[in-house]
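Presented below are the structures under discussion, each in the form of structure tokens.
Look at the two complexes coming up: subunit A is in both, with subunit B in one and subunit C in the other.
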Partner chain A sequence: MVKDRNSFIFRLLSTLFVILAINFFLPRMMPGDPFSTTSADEVGEDIIVMTEEQRLYYLNYYGLDRPLHEQFLVYMKNLMKGDLGRSIYYKMPVRDVIMLHLPWTMLVVFGATVISTVSGVVLGTLSAKNRKKGSDKIMMTGMIAFAEIPSFLLGLILLLIFSVYLRLFPLAGAVTPFADYNGPAEQAWDILYHAFLPVVTLSLSQLTGVYLLTRNTLITVTTKDYIRTARAKGLGEKTVWVRHALRNALLPVVTRTGFMIGIMMGGVVLVESVFSYPGLGMTLRSAVVGRDYPLIQGILLIIAVSILICNLLVDKIYGKLDPRVGI
Partner chain B sequence: MSLLKINDLKCHYLTDIDTVKAVDGISFEIEDGEILGIVGESGSGKTTVALGIMGLLPENTAISGEILYRDELISSLPEAGMDRFRWKDITIVFQNGLEVMNPVMKVGVQVTEPMIKHLDISPEKVRSKCADLFRTVGLDPKWMDSYPHQLSGGMRQRVLLAMALSCDPKLLILDEVTSALDAFTRKEIRDLLVDLQKKNGYTMLMISHDITFVSSVASRITVMYSGKVVETGPVREILVSPRHPYTRGLVHSTPDIFVYKDLWGIPGDVPAGDEFKGCPFSPRCTQKIDICSKASPVLMPVGGRREIACHRGGIANLLEAKNLNFSYRLPDGEYIQAVDNVSLEVTEGEVLAIVGQTGSGKSTLAHILANVIRPESGEVLFMDGNVSRGNYGNRFNGIQIVFQDPFSSTSNRFTVLDAVKEPLYINKIGSNGDRLQMVKNALELVHLPSTDNFLRKYCGELSGGQRQRVALARAMVMQPKLLIADEITSALDVSTSANVLRLLKGLQNRRGFAMIYISHDLSLTLKIADRIAVMNSGKIVEMGNSHDVMLSPSDEYTKRLVDSRIGLCCHN
Partner chain C sequence: MIKDIAASKNAGILSFIQALNINRINRIVCSIAKPLSRFSTEGKIGILGIIGIILMAVFAPMITIYPPQKITGDSLEPPGPGHILGTDELGMDIWSQICYGARMSLTIGLAVAFTAGFGGGALGILAGYMGGHIDQALMRVIDVTMALPSFPLLIVISAFLGPSIFNVILILVLFSWAKPARIARSQTLSLKENNYIIAARNYGAKPFYLLRKHIFPEVMPVLLVLVIGISSHAIIAEAGLAFLGLGDPTSKSWGMMLNHATGFRSIYFTPYWQWWLLPPLFMLIFLLLCLAFISRDMERILDPKLKMKKGF
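Let's look at the complex of A and B:
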């Protein structure tokens, strides 16, 4: 048991190290540096074109002119101390930048996880129960066709329909700017109102996967002997479906949810950009454009760590749900 | 009143490709407190019957006919209506498998689940009742909190049994409960079932391919084949004298019943395709006649609570000998009675061994039966006609005999071709080309080469084993319905005789002819015979099922014969 645990921690740490190394080197392999950027992200922003002297000064100031391995060592050392460095663009600690934007991304990702999982399971169950009937076939064809639409395109379509034409939802942002709320309920409502379209877009991008998995697993499960046994016991259709079939069919769905969060952490970058939603994704995008190395590193690290944590949680939960897996 | 009554039940699985008639018009009844066994090979539709009674057949099944439980029609009930009967009245113990129980639910919970649903009972009571059930089936209640994958096969089978007993049902259906268990557990489960039945008077429907297990518990047996009932009757009668060829095949391939005999399954397969109108067993049957492939036989009572579905009324007699007598005149003028008032029967496809010491009259009897010599009195009927008048040695599907000594029965000066062709030539059967083909086929049957080179060989050039096989080929070329093998291995060494014997038995099993095997070698006889007749001084002193005769001989002479076998040094 102790040995298992040690090897597990070793695996975790080595994974983390590889991720850190990639996070560090990948941004630096991109052409350009934080001070030679010529493109501006925000319209109307002043483009400060630096002289070569200024550029070298700043490179020296941020330590970017030192050999790569030295930079890496410094980065690692600071990381051990919990210091993620300073954002070149925001001119403030990376940690603060992340803390500022992480909650929005978490809201969108977790909201989308819950919504896509719950609705996927419900729809999958309905489809499986009506198997070989028209409703199942229509639902399945629709879902598969739907899954082919990329999430950013879907986001654009939703944005156009609901925000531009119907004006039901805001075009951008996470809250109404300069709003004066009468109590937390109104504030919460405003937040949900802004998060709605991004969450829906992200949910829809994952829905088909959950739906198909639930449907197909349920169909397989219902042919199992234990379902026949449950039927034979005269427990009634509802108990047979919920306690025996769905309970077993949800096992792979749980595993999938873990992976899904990882996929969504990537997908959220595009979705947030479409809706100009001030989450980590948008921040990452501007950090990449501005070659803000410390910020890129910090955000990628947070994403990687959260994926690792999710997988860890899924393993734990799975162990609790399936007694055959001894964790 | 019968507890369960099934009328003309048909369950056809409809697939995209074809229709599988898993159960095709069966009817039976189970009395209150009775144990009925249904036996049959896998695929005979036994489990479908069980699932049909429980209303658990898949959606693509076309079901017709009636299932009555206490005179209430349950076969057409909807799912919810069926739930009234499930588990409270009728339960099923499924065949043990890893997934027969919910893998993520504790076994105790799975046992109590139906109690909570069907019985008006408090949660605390449920748990203690579950513990009682576990003890009843011989399981420690501590296992209640484990998951199915943590239990052994035998334990799971016990949990399944406990589960089935949880609501105190009237009718218990047991589907292959022992097939996956080792011998010890099998016996324990059997004893448990017998015990439970005695104590609680459960009515049971026991479904299994394990005829030994079923017969040790059930009082009546129904034999199913290809979705139909072919024979039904009291256990003892079915085992001792099966009337349907299929039942006989099943009994004969059961090692527990024929302990010493080599295992030979029933050759052939169930007819495929739903167009087949005839008796489903006919492609494998050794006694089929024209009607068998045209119409399906109905189950008819044949007396003694037995019923059988066969156009020929069950296993038919192939040969019947009545009061045969024959004596030889000795040089001193005295007569010696070689065959003394012998009567016997050989049924279709069976192997009857006639054993006895040298001089007991075996060979004389064989010669009379083969119409080689005429009896002084008595008659031999072959296929209901008289042998001597019918000349059943001269035609196809008749009687052929293979003699003891291949060196005298085949001429040294004949080539192999001539020796095997001889009966065809004498009886003017076929053209020369046909004959050559028939000879080649016969030689292949007996595993001899059919090359021109071998055909041109003289019999004198062959070894003993080869010559005996040539003699066998000569008999086989006439495609006999009955082959009389008179001490055919006694002139051969052990290994050769084993080969010849296995060849012979294999041929018999595959081609389905009946055989009279005459020998003084008891050990060999036991390997192949279904029935044994013991001869002494011209009389048949004992005749019966081969293992009965050998294991518990009743006649003094048989006992002596059995005891006279010389054991190996270490056997005493």
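Let's look at the complex of A and C:
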């Protein structure tokens, strides 16, 4: 067990290191340096041409002429201070841009995590209870077909049906622009109303995993001896299912939830683009279009770190839930 | 009399040839139908669908009238006799774009899947067979690769390296070789201890011979299932990247079409999405569902425990 935990921590740390290294080396692997190109965005803007002397001055100023390992140390030191550089497009620190958009992404991802976990467990339990009946089979076929559609295509379909065709939900954004709210309740309602479709999209794409896992573990668990014992000593059917079967079947679901957040942090980039939802993903898309490299790197780092934190949390929670794993 | 004999001889030869032909045709039909009959209905639909899309991609110049990248009509023409599926905002034919776009998705899917599947598989087999430090090192690398958030990294790397088909394939391969490598390794580890392999080794079989003759054929079917899975992942990833505007700008892939259509100002307030957005969306989902059906069926055929239950 100790060895397992060590290798787990080692894996997290080495993953983090690889991401940092990619983040650090990618811009430096590109041909040229930031000062060798000149550009003017608008007609009439002066094109600044640097002399060789000026170029060297700037290289020195930003520390780009120092050896790579020194640059890497400086980069790490800045990261520790929470300094992610300045966004070219927003003209403000990357950290502030991320802080502006992160809450929306968190809202969508956590909403989707809760909804898909709860409904997946409920549907999985229903399915396991009605195993060998028609309803289980129908549910299973539907679920599996759903799982194969990637989340952004699913999002497009939902957007076309509910926002474009039925006009039930907004097309874009996280709040109604220029809205006057009569109190926080109305504001909260507006936010939920806008977040509904992105959350549903992400939940649907993750639902099948939870559903199948719950169903299959429940079916395995219900054949165990302690379930028969529980029934034999006269416990009600409800107690047997909730306290004996589900309690044990939920353990893998908890682990799955951690991985799910990781997958969703990747998928959310596309889903937010579909719904023009102003979270990190949408920002990443506009940063990619605008070639805002510091912002791209910052967002990647935040996404990666949040995935790693989730994995760590899941590991901790699992230890608490399953006394057999302790230490 | 003589004539009769000749005639009957002829008839005999004829019937013999006929029988031979029928036999041969039968055999061909059987050799195709036998593995097919083990597939479920969804699996058969999946195979037919894939064959359809492949034909569409291969014969794209013959089944389309207009080249996909030329302006051949008015801007945003609705579907009609001139352009079966209408045109996009530049006046390019959408049906042509769909047919040529199939090439892009299939190329990326196949290239990534085969390189990653068999390359990763080969690495895994070698590591599993050799064991020791090489094996341990490979396992660590696999652990880290599998823990990396692949899609965000993909976006960042292709944003930095610049979008081209080759780059997209390269990056996708880098992120998808780990799973086949891991599975091939674990298979090799358990195969290696089998008596027949030990016997072959004791008879003086060289490692390369053992790998080629005994281990690779055993690992192969599992790798094939993984290859299908990887190709659908690669197709999704390419479509996603293109949708974000990171696809090869010179190509017309389905993801690119989605990108252009959703990037069109106020497309949702006009009827244009009906013929501009729906076709690539439908084709992508259809292709992915076909691949999924096939891979699920192959998994079922390979796994003897599940073989009894057809369907699931």
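In the analysis below, the second predicted complex is superposed on the first by the 261 of 327 C-alpha atoms of A that agree within 3 Å, B and C clash if a C-alpha of one lies under 4 Å from a C-alpha of the other, contacts with A are read in each partner's own complex, and residues count from 1 in each chain.
Operating definition for what follows: contacts are C-beta pairs under 8 Å (C-beta built on N, C-alpha and C of every residue); 3 or more make two chains touch, one makes a residue touch a chain.
Just so it is clear, the model here is predicted, and its values are computed rather than measured.
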### Query
Following superposition onto subunit A, is the placement of subunit B relative to subunit C best described as a clash or a fit?
fit
### Query
In the superposed arrangement, does A:Ile138 touch subunit B (first), subunit C (second), both or neither?
neither
### Per-residue contact with subunit A, leading partner among subunit C and subunit B
C
### Task
Using the superposition on chain A described above, determine whether A:Pro150 touches subunit B (first), subunit C (second), both, or neither.
second
### Task
Could you say whether A:Val122 touches subunit B, subunit C, both of them, or neither, answering first, second, both or neither?
neither
### Query
So, A:Ile22: does it touch subunit B (first), subunit C (second), both, or neither?
second
### Task
Please indicate which partner A:Pro323 is in contact with in the superposed arrangement: first for subunit B, second for subunit C, both, or neither.
first
### Message
After the superposition on A, what does A:Ala232 contact: first (subunit B), second (subunit C), both or neither?
### Response
first
### Task
Please state the minimum Cα-Cα separation between subunit B and subunit C in the superposed model, rounded to the nearest whole Å.
10
### Task
Determine where on subunit A the residues touched by subunit B overlap those touched by subunit C, and list them.
none
### Footprint of subunit C on subunit A - complex, ascending
11-12, 14-15, 18-19, 22-23, 26-27, 29-30, 137, 140, 144-145, 148-150, 152-153, 156-157, 159-160, 163-164, 171, 262, 265-267, 269-270, 273-274, 284-285, 288-289, 291, 293, 296-297, 299-300, 303-304, 307, 311
## Note on the structure
subunit A residues touching subunit B in their complex are 224-226, 228-237, 239, 243-244, 247-248, 251, 321-324
#### Entry: Residue ranges of subunit C touching subunit A (in the complex, touch as defined)
140, 143-144, 147-153, 155-157, 159-161, 232, 236, 239-240, 243-246, 258, 262, 268, 273, 277-278, 281, 284-285, 288-289, 292, 296, 311-312
## Note on the structure
Counting only contacts in the complex, subunit B reaches subunit A at residues 51, 54, 56, 79-80, 82-88, 91-92, 94, 97, 99-105, 113-114, 117-118, 147, 149-150, 163
